[in-house]
Every structure is written in C-alpha cells, then in structure tokens.
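Note that the chains are named A, B, C and D in the order they appear, and that numbering of residues resets to 1 at the start of each chain.
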Amino acid sequence: MFSFKEIKKSFLISLWFMFLTFPLMVIKINPETHSILWEWKNMLWVGIGTFCISLLVRFYQARNKKKSLSKKLFFADRKIPTSVIVAFLFFSIIFPFLFSNYHVNIMTTALMYIVLGLGLNIIVGLAGLLNLGYAAFYAIGAYSYALLNYHFGIGFWLAIPIAALLSALAGILLGFPVLRLRGDYLAIVTLCFGTIIRLILENWDELTFGPSGISQIPRPTFFGIEFSPHNVTTYIYFIALGFVFFTIFMVNRLKHSKIGREWQALREDEIACEAMGVDKTKTKLSAFALGATWAGMMGVLFAAKTTFINPASFTFIESVIMLSIVVLGGMGSISGIIIAALILILLPEYLRELGNYRMIVFGLSMVVIIIFKPHGLIGNVKKNYKTDYDVSQ
Amino acid sequence: MKNTILSLILVCFVSVGAFAKSDVITIGVPGSYSGDLASYGIPTKQAVELVVNKVNKSGGLLGKKIVMLPEDEMCKPELATNAAMKLTPMVNFIIGHTCSGATKAALEHYKDAHIITISPSATNTDLTVSGDYPNFFRTIAHDDAQAMLQVTFAINHLKAKKIAIIHDKGDYGKGAATLAKNHIEKNGQATVVLFEGITPGAVDYSAIVQKIKKVNPDVVIWGGYHPEAAKIVALMKKKKIMAAFIGADGLKDETFIKTAQKNAEGVYASGPRDVSQRALTIQAKKELKDTFGVEPGAFFLEGYSATLAIINAVKKAGSTDYDKVKKALTTTTVDTPIGDIRFNAKGDVIGAGFSMYQVKDGKFVEVK
Amino acid sequence: MSHNKILEIQNLSMEFGGLQALDSINITFYEKEVVAIIGPNGAGKTTLFNCITGVYVPTRGNIFIQNPYTQMKEKINGLKPNIITRKGMARTFQNIRLFKNMTVLENVMIGRHCHAKAGIISAMVRSKKTRDEEARIIHDSRELLKKVNLVDEQYEYAKNLSYGYQKRLEIARALATKPFLLLLDEPAAGMNSKETAELMDLLKEIKKDLHIALLLIDHDMHFIMNLSEKIFVMDYGKKIAEGTPEEIQKNPLVIKAYLGENI
Amino acid sequence: MEYFLELLLSGLIRGSIYALIALGYTMVYGIIELINFAHGEIYMISAFIALIFASVLNAYGLNSLATFAIASSLAIVYAAAYGFTLEKLAYKPLRNAPRLSPLISAIGLSIVLQNYVMLAQTSSFVPFPNLIPDFAFLNSISHILFPSEFLILVITTIVMIILTIVIKYTKIGKAMRAVAQDRMMAMLLGININYIISVTFIIGSCLAAIGGVLIASHIGQINFFIGFIAGIKAFTAAVLGGIGNIPGAVLGSIILGCTESFATGYVSSDYEDVFAFAILVLLLIFRPEGILGKKRDQKV
C-alpha cells in the first residue's frame, strides 16, 4: 500500500513533530514548587499520532488523485434535490418531540446561528465586505429588547421590529466611515466597531447595567399567553425555526433581485459596478443595514432565550464564529451556511464528551474543512432565469 | 453529513439516557474548564472529583454511587444555559457555576426543576440577597461582605481619607468595586478620588498608575483578579506610590506573590479565614497532590467544602428530596476545609469567616 | 449625419501631481457618430476616458453632455461615474472588468438595473410590478445577448468565457444601460484578426440598429480606419489633429508624432 | 507638564511592546497578504518555551545571563520551527483559495494552539522569571525606566532598522518584495515562491519570539491567552501604520500606545480602547491606506 519512501517520509514528519512539541509536551514545570516533571511518554504519543495521521493524509491524497475532478466537486453547482429538503423540513418540525429539552435548546442555538450566518452572508458573501464585528449588531438587538423591556415593558414581538430597525441604523452608522475601505482594512475597522460597542456596554453602567448584565428578561409569549418553563423551550425552537425559514426565503429573494445582483457585482468589481450605473454608497449601506437587521432580530431572540445577557456574550470570538460559518459554508451559498452553522455550533456541544480536547478538535476541524474544501462546503448554485415569468409586452 | 449529525445526536441521546437511572446520585459540575477563565473552574472540578471518589470508595452515599457530570461553559451565559438544560433532567444536585453571570443564566432552570445548587465561586450579591433563588447556596461570602470588610478596614484601620478604586471591568471586579464605592460613600469619612476600569490582559498599565499617582490616594482598592493586580503593584512600587493596596479574594492567590515577588510585600487582601491548619484542609491538599499532582487552584477548598456540605446534607436528610436536603443544609453544621459551616435562609454560608490578610515575607498573613 | 451635439469637452486639463496628463483638450461629439481617439501609449487617451466617465475629476475645464432625446444640456464633470452612466454614457474597460463569478446573463442584467426602480422593500415583497420589471430586465438582457451572439453562454460564469467573448459581453453589458454614447477602451486589443473582424461587424451593427454614437480608443489602425468616421489624435496630453481617416493619414503632424516613418 | 511627559513615556513603552509583535505581523502581511491570526499564538508559545527552558536551566544552576541567552535562543529557534510548520500545514494548501479561506484556517489554528498550550502546560497565569539582567547604568533612572523597558525600546528600534535593511537591500529581501508585488511574475523570473514564503514566516515568527521573551519578562507572567489580546492590538497598530510597511508598524504602534496612554491619563481608562479604536477608524476614513501605507491606485 505504501512504498518505503512514503513511510520514511511520514516517519520524518513524526520526528519533526516530536521535536516541535518536545518542550511543551514533555517538560512540565510547576512554577509554585519550581519542580520539573519529564513526561517522555507524551513524546511517544505525539510521534505515533503524527505518524498515523501523516500516513492517512498520504492515503487520502493518493486516492484523490485517482478520482476524477467531477467526483471531487460533488457538491458544487448542484441544486439540492427536493426530497432532501422535504426530509429535512419534516425532521426539523418533529425534532422537539423526539428529543429532550437540552437537545432542543442546542438546536435552537444552531438555528439562530443559521439566521446569523445568512444575515452576515449578505454583508460578506454577497456584497464582499469583510466584517469582523457582526456580534455588535447581535448585541444591539439583545440589549434593545432587554432595556426596552426593563424600562417600558415592551414585549418580545414588538421588540423584534424595533431591534431590527436599531441594528439597521447601527449598520448604516458603521457603513458610512468604511465606504472607502476594502478587504483587510474593512476587517479591522469592523473589528474595532465590535469592540467599541462591547466596551460601551461594559462601561456605560447607567444605560446598560455594565458587566453584571441584565437578568430575568421575559421569555416570548404567545398572544399574551405564557408557557411553562418546559414548553417554552419548544416554543422558542419553533420561533427560531420560523426565523430560519423566513430568512432563507428573504435572503433568496434578495439574492436574486436587483439589489442582490448589485451586491454581488460590487463584490466582483467596484469600478465596473459604478460604470454600470450602480450607486456604490447606497448599495454598500443597504448591505450593512440589511445584514445587521437579522443580527438585531436574533439578538432579541437570544436575550429572550437565555433570559440573562451581559457583554461577555458578544466578544470578538462570537464575530469570528459567525464569519467562519459564512466562509466554511461557501460564501453566498445558503445551504452551505446551514450546514456550516450546524457543524460549528453543534460540534462543540456534542464534543463535550471529549472534555478538554473539544476545543482542539473544534479548531482542527475548522482547519481541515477549509483545507480540503477551500471554497467552502457547498459552492454557489447558479440561478437560471429560465422559468421566470413571461414578458408582458 | 446529515447522517453523521443524526447519528451523533442519537449517540448522545443514548448516552444521556444511560445516566438517568435512579440507583445513583448525580452531581452536575458545570463551570469554566476552557477558555480564558478556565483556571477559576478547573480546581472546583478536581475538588468534586476527589470527594466523590472518596465517598464512592467507602460505599457511596445512602448506598448509592455518586456520579459526577462536569460540563464546560467557559463562563458564558448562553453556554451555561445549554449546560443547565443538559444537566437538569439527569442530576440531583449542582455544584457550580464558576462565574456569577453564568450562574444567573443557569439558575432559572435549576430553580424550575427544584435542583439545589451550590456555587463555590459565584459571589454576586444578588444571587442570595435578592431572594429570587431559594435553591441557591454558596460556600463563599458574597461581594458585599467583602467590600464592607475592605472599606471598614481601609477607613478604620488604615485611616484612609482618599481612596482610589480600580477594577478590571469584569462582572466580578466591577461589581465588587461598585459595592466598595457605595460603602465608602455611605460611610462618609473618606472620599473616592478615582474610580476607573482597566483592560484585563493589556500589556502595560503605567498610564493608570500615573493617574493614581496624580490623585495621590491613601488607599487603592482593587476589584479584580491577581494577574493585573501584580502588574499594577509592581508599577506602583516603581513610581514610588506609597498608598496601601487592598484586593479581595480574587487577589488572594499564591500565584500573586510568586508573580509580584517583592512588590507584593505589604499588599492587603480580604479572603476566607485562614484555614491552612485545619486537618481537612491539609488532607484535601494532600489528596489533590496525590491524584492530580498539582497545588490547589482558585476556589479549590470552596468546591471541596460545597461537595462535603451536599453529601452531609443528603446523609442527614436520608434522601435526595429537595425540601429535606434544603432543610438539612440550613440546619446542620458540617466540618469542611473552610470551617464548620451551615447556610442561612438566603443561602449564604455561615461559619466560614472572612478576614484581612497582608503579604509579609512572601506569605499571606492574617491581620488581627 | 445629424448635427446634434451630444458631448462637449472644453479646455479639459488633468494633472497628477506634477504630471500634465491632459492639456486643454477641446473636443465635440455629435449624435450617432463613430469617433476614434488615437495616439501613442501614454498620450492621455484613457485619462480622457476616465475624466468623461467620472472616474477622475478633471483639474480644469468642463464637460457637457446633451441628451439627444430631451436636448437637455448638463455639466457632468465632478459627477460620480454611476450618475454619468445613468445620463446616457456607458463604457468598456481596457483590461476587462466583468463580474467574473456571475453568469453572463446576470452581468448584462446589472447594466439594465440603472433603469429599474425596485428597491429593498420591493425586492422582499416582490409585488406584481417588481416581478414585471424583473421579467422585463431578463427579457431585454437576453435580447442584447442575442445581439452579441452570446445567448448560448448565458448561464456560464463570465470568467469561463474566452477572451473575445468576454470583450463582447462587456459591450453588451454597457449597451444594457441604454447609452446614447458608448465608449470603448481598446476593444480590439489582444484579439486575433478573425475576432477583430467579428467585432468590427458587431460594432457596425450596433451603430446601425441602436442609433448610438461610439467613441473608440485603439491601436489597431486597420480597425480604426475601417470603422470610424472621425479621428482625434492625441500626443503628450494634447489634441494634435482631428479629421476623417483619410485626412489623418495624410496629416504630417500625426505621421511625425505617432505613425512615424512606417507610412 | 511632568504628568504629560510621564504619560508620553508610558505611551512609548506600550507602543514599542505593540511594535515588537506588529513588526512580524506586518511583514507576513506585506509579503503574502494574509492576516496571520496565529502570529499572536507564536508569540505566546515562544514565551512558554523560554519559560520552560529557563526553568530547566535554572534547575541545573546556570547563571542568569547564560539562562537568558540560551532560553531566548531556543525560544527563537522553536518559534521559527512552529512558524514554518504552520505555514506548511495550514496556509500553503490554501495558496490559490479565495482570500478569506486562509483567514479561517488561521483562526482555527489559533484556537488549536491556545488549547494545546493550555492542556500541555496549565490554564492559569504562570510567573515568568525576570530574565533580563539589571543594567548598572540604568540604576539612576530605574524609577522611570525598567531595564526591560529599556531593552524593549532598544530592540524594537534595532529590529526595525535591520528588517528595513534586509527587505530593501538584500537579495532575499528583494525577492520578498518581488513576491509581494506579483507572485506569478516572480515565479516566472525563477524565484522559489515556497522558499520565500517559508523564510518570511520564519523571520516573522522569530520576531514574535523576541517579542514573547522580552514582553513576558517585562510583564512577569504569562498564560495561554496572552497571544490573542496582544495579537489584536498589534494588528490594529500595523493597520494604523499602513499594513505591510515596516516603519509604519512601529509608528502605528507608538501612536496607538500614546493614544491609549493619554486617553487613560486625561479621560478615563474605561474608554482607553474606545479611543484607540476610534483613532484608527478616523484615520482610515481620511487615509484608507494607513499612515505610511502606499496608496494603491486601481488601474482603470
């Protein structure tokens, strides 16, 4: 199966890793007692582990070479069959009746991240504006609900449009200064924006109650009826599911509308876009505003779901996870984002059994997925305008 | 992909089901075991594991084995909620969470499910004092008690007139700092000349120390953990600021002295009463050393005591019934590393005193 | 030939730092004309293009357009490119600038957008009016693709087209904005002789069918001489000559500055 | 006035700490246009490696100067090895991928490395021995300037100058710039792209290691999370100065450091980061390419 040369290569790689991990894995220091522990067996494990992984990768590569290219792009450019969609739909509806509250709750989080991913997709995937501060809009939504409820007793359903509006405004506010920026500069400014929002939440005690956060935020009601703590989880699940459907529907519409095509054109080439009569300013701002809207609405749902919020929930890592969902899913692809959100949110939850190793596995899977699927899990599906309406002359 | 997810879900479902038997007593131990606050959660997990193993070896509790279910929530409220929902159907008791914010978010669920929760480290005052959570207990004094101690110490013992308060903007640090500020203002004998937050993890704090020098306080009260405090103390020494430095239990950690070295000399910190001579404390530390090969970290003893308290209460109550155990917790006194403790009606610990320490010759020495 | 002015450039100058890229250019264009600008590399042709289309704001001078349908005359220097495009001038680029990861049809549809009204709300609500507008855009775009003979490739990604096809797509995309003046920046560059001949036919057809004026920059003399009715010659940022192809070929200044001793 | 000067000095020190990390950041970016999120982790790992070797050497009773020299050299060697390996593992396969893909693998790596160090060593803060020897000539001003601060200022300047010279005048530096400008063309001219990128990563990681050892000595404690915070600040500083520009990184860091210092001194440290980030946003509005960054006109 493997030639001697390949085995030798893997052996050398494992030697290299043993060298690399030697100080951190083998020498364990105890700063309090100044004692040093030599754990040589760790080195052995590293050696064996990397040797096996390296052989596995070689095996995979060898097999891949034999396969034709079309097989490799199995997912790309293909519409998902209706049967799969229907099965998925059915499963998502009966899900809360099959599984315990805990699983329903986790799935609700995943659903919320699907919506967040789809919203961020408008900014990053469609309009091509790298955004590392998306959690700020999420925070604005969550705090809008918490504070409006605290001061004025505004309910969940009324808070949703208000939060959406406020986040959209914040999106425009962020959009203005960054109109001229592109790529990595945009990334850093949005990162700063995210941090500034979080710092304001932390420091402006009079408005936001500071780092200790706001507790006892009411859960959503159903036309004024409150649910029992047990049933409310299922209820929130269905709200989140509703949002997912709504968002998929809307984002799909937006994507294949005038404004959606203009976003994509802007992503491809700003100068050509302007030469075609597209208003750059308006298009960029609308992408920021619309993208932020979804985050704002999810923020409300988040606050209602956890019933407690504090600034610690809206850190940079949160923005990074959201961005990772978009990129891993395949920029601009709706089904890709759904899968990526499910992986990135459910994986760390269900990896709990791995204990301390779960974050390593999580990080590794991000690296591995992106290396083997650099364009994301699912490529963009082309829109054929064939079956659209007849032209009424 | 879908199949993988499905099977994953199924596997977890089955594995969850396996625990939900009644011939064991389960203790959920949710806390911060990864991320930047991991060091405040891991010692608790170790402590619970030690006690549980010991009890199981000697025949279990009420003839049943104790199972411990740790859940990592990184001190994040939303993850804490997830952990809470996962644990609620399977556990009899909770020891956790690590941080107050996470505790607040999770407590709703435990409260609804009548699960007694003892936190070794959540010090937010509202958790007990507000009376919102009848199922909540803790083996650590709440922030307000410590703030009170700090302020009276500063004003009466150190005769401070001008007090600067610095905090780390965090839930714990800023909360404690705000309480201290309120106490000073209520007391009226001293003024708060500076109240500011610093960014934890920043590379340098000389600007804020410069500002402290400018306002020239008699005492600096620190709300936060020890890593930042060590840096500030060093800079204060360097800039020849003579003000006394007072921290709370977040500062009272051996690592602080190791890090700040000679700069730590003279620093005050409030913290649980000195228990290093108690037999149980010595024993707990030895067990930890033997099993995990480490020195006790933050809240280790509190976690150990919380576990002992629960086990004792179950023994006394003769069952895991919510009301009976709750009653036992508030009425029976149990010998733990942190003292002979029981709980008051609100859930705060009685019997684990608080005192003020000062660093002398590289050790925290109790100030009489 | 009709004699309605459509574009008037008066005393146009453009400086980059100390570099005088354009020096007091005066040019007038008339309706339905095919005009070419030639000149050696660095003569300022593309700069002139960029000034007209609003990519650069000229240092001095004025540019006016006069819409042949409404006869309204407006000053356009300093306006943004997208506004100028809406006013009836469209362009192609020297180095092709297509929306590479969009389909051929979508590329043309973007061009048509500047005459559509639908906003964000209507995109979400998708009323009958919006749907009709959308159908209109698709229909018109497809018609344009037929004109440039790309209708078979309409669902291909633009990046997958051959060079010649990409050039044609760029023209179709520019035409989609319904211009009365089409500016073509080196349309024949990099094409083989067959492709150039096809392009020539296409441009002639466009002029005939759509009644629009064309302004070309190119180096292919055969192409220029064959197609254009009037030629402007530029050198070092100045206009040095203008006239019919025959006149230009005989102009000694042009021969000296540009054509050299080849003729 | 004295207050102002003191704040200025603390701003300078803070700035040069940022600069030490930002230099490596900006260099890698300048050559391959990749925001190397894992750079901060290399910085963290090298600090840990220095700490580990210093403890071992201490246990064998070496004197402090020798410990400092050996431990920091080993840290630099290991940082280079880590940088090299990371590039080969996580970035090289993505050379031709969309621009955001390497960013994701960088983020993933960052998570892996943090948790790797946490599991292999410890999750809590570890005191870092003061490896930097006391300079006798600094004794008179030790209340203003620590030896570690002095060393950071000096080394930042030296590193900046050497790096500028290397990139401007040496053969490898020229090759780097060629790769930065047009990778395809550089390849056609016979430059070994893989080699140049590896060298870039190795140099960048060495810089991170120098930063790691010095800054850890200055701060006196490390944990597995320090790389993340320092990395973000260094990234901000690099962008402020014009990312890809070596003197720009230093200038940006100093400006960032001083802004934070003055914000703390004259307004409130509550909002020190708000000021730092606000100044970046403001600057980028008026100069989107950063202070010393070259304007890249898009050719139309």
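Keep in mind that, in the parts below, a residue touches a chain if its C-beta (ideal position, glycine included) is under 8 Å from a C-beta of that chain, and two chains touch if they have at least 3 such contacts.
Just so we're clear, the structure is a prediction, and the values are computed from it rather than from any experiment.
Engineer: Which chain has its C-alpha centroid farthest away from the centroid of chain D?
Structural biologist: Computed centres place C farthest from chain D.
Engineer: If you tally contacts for every chain pair, which pair is highest?
Structural biologist: Most contacting pair of chains: A-D.
Engineer: Need the CA-centroid distance for the pair chain B / chain D, whole Å please.
Structural biologist: So the centre of chain B lies 35 Å away from the centre of chain D.
Engineer: Please tell me the distance, in whole Å, between the geometric centres of chain C and chain D computed from their C-alpha atoms.
Structural biologist: 49
Engineer: Which integer distance in Å separates the CA centroid of chain B from that of chain C?
Structural biologist: 72
Engineer: If you average the Cα atoms of chain A and of chain B to get two centres, how far apart are those centres in Å?
Structural biologist: Taking the average C-alpha coordinate of chain A and of chain B, the gap between them is 33 Å.
Engineer: Using the touch definition from the top, which residues of chain B touch two or more other chains?
Structural biologist: Those would be 34-35, 169, 197, 255, 258.
Engineer: Name the residues of chain A that each touch 2 or more other chains.
Structural biologist: Each of 31, 203, 271, 356, 359 in chain A touches at least two other chains.
Engineer: Which positions in chain D are in touch with at least two other chains?
Structural biologist: 115, 118, 126-127, 270, 273, 300, in rising order.
Engineer: Applying the document's contact rule, which stretches of chain A touch chain B when the two form their complex?
Structural biologist: 30-33, 37, 84, 88, 99-103, 105-106, 109, 202-203, 205, 210-213, 215-216, 229-230, 233, 302, 305-310, 312-313, 339, 342-343, 346, 349-350, 352-353, 355-356, 358-359
Engineer: For the complex, give me every residue of chain B touching chain A.
Structural biologist: Within the complex, chain B touches chain A at residues 1-2, 5, 8-9, 12-13, 15-16, 33-35, 70-72, 75-78, 81-82, 85-86, 88-89, 100-101, 104-105, 108-109, 112, 124, 126, 132, 169-171, 173-175, 178, 197, 254-255, 258, 293-295.
Engineer: Which bits of chain A are touching chain D when the two form their complex?
Structural biologist: Residues 16-17, 19-21, 23-25, 27-29, 31, 34, 36, 42, 124, 130, 177-178, 180-181, 183-185, 187-189, 191-193, 195-196, 199-200, 203, 271, 316, 320, 323-324, 327-328, 331, 356-357, 359-360, 362-367, 370-371, 374-375.
Engineer: Would you mind writing out the residues of chain B in touch with chain D in their complex?
Structural biologist: By the definition above, chain B touches chain D via 34-36, 38-39, 42, 169, 196-199, 201-204, 206-208, 210-211, 214, 226-227, 230-231, 234, 238-240, 255, 258-261, 297-298.
Engineer: Which residues, counting only chain A, touch chain C once they are in their complex?
Structural biologist: 250, 253-254, 257-262, 264-265, 267-269, 271-280, 286, 290, 380, 382-385, 388-392
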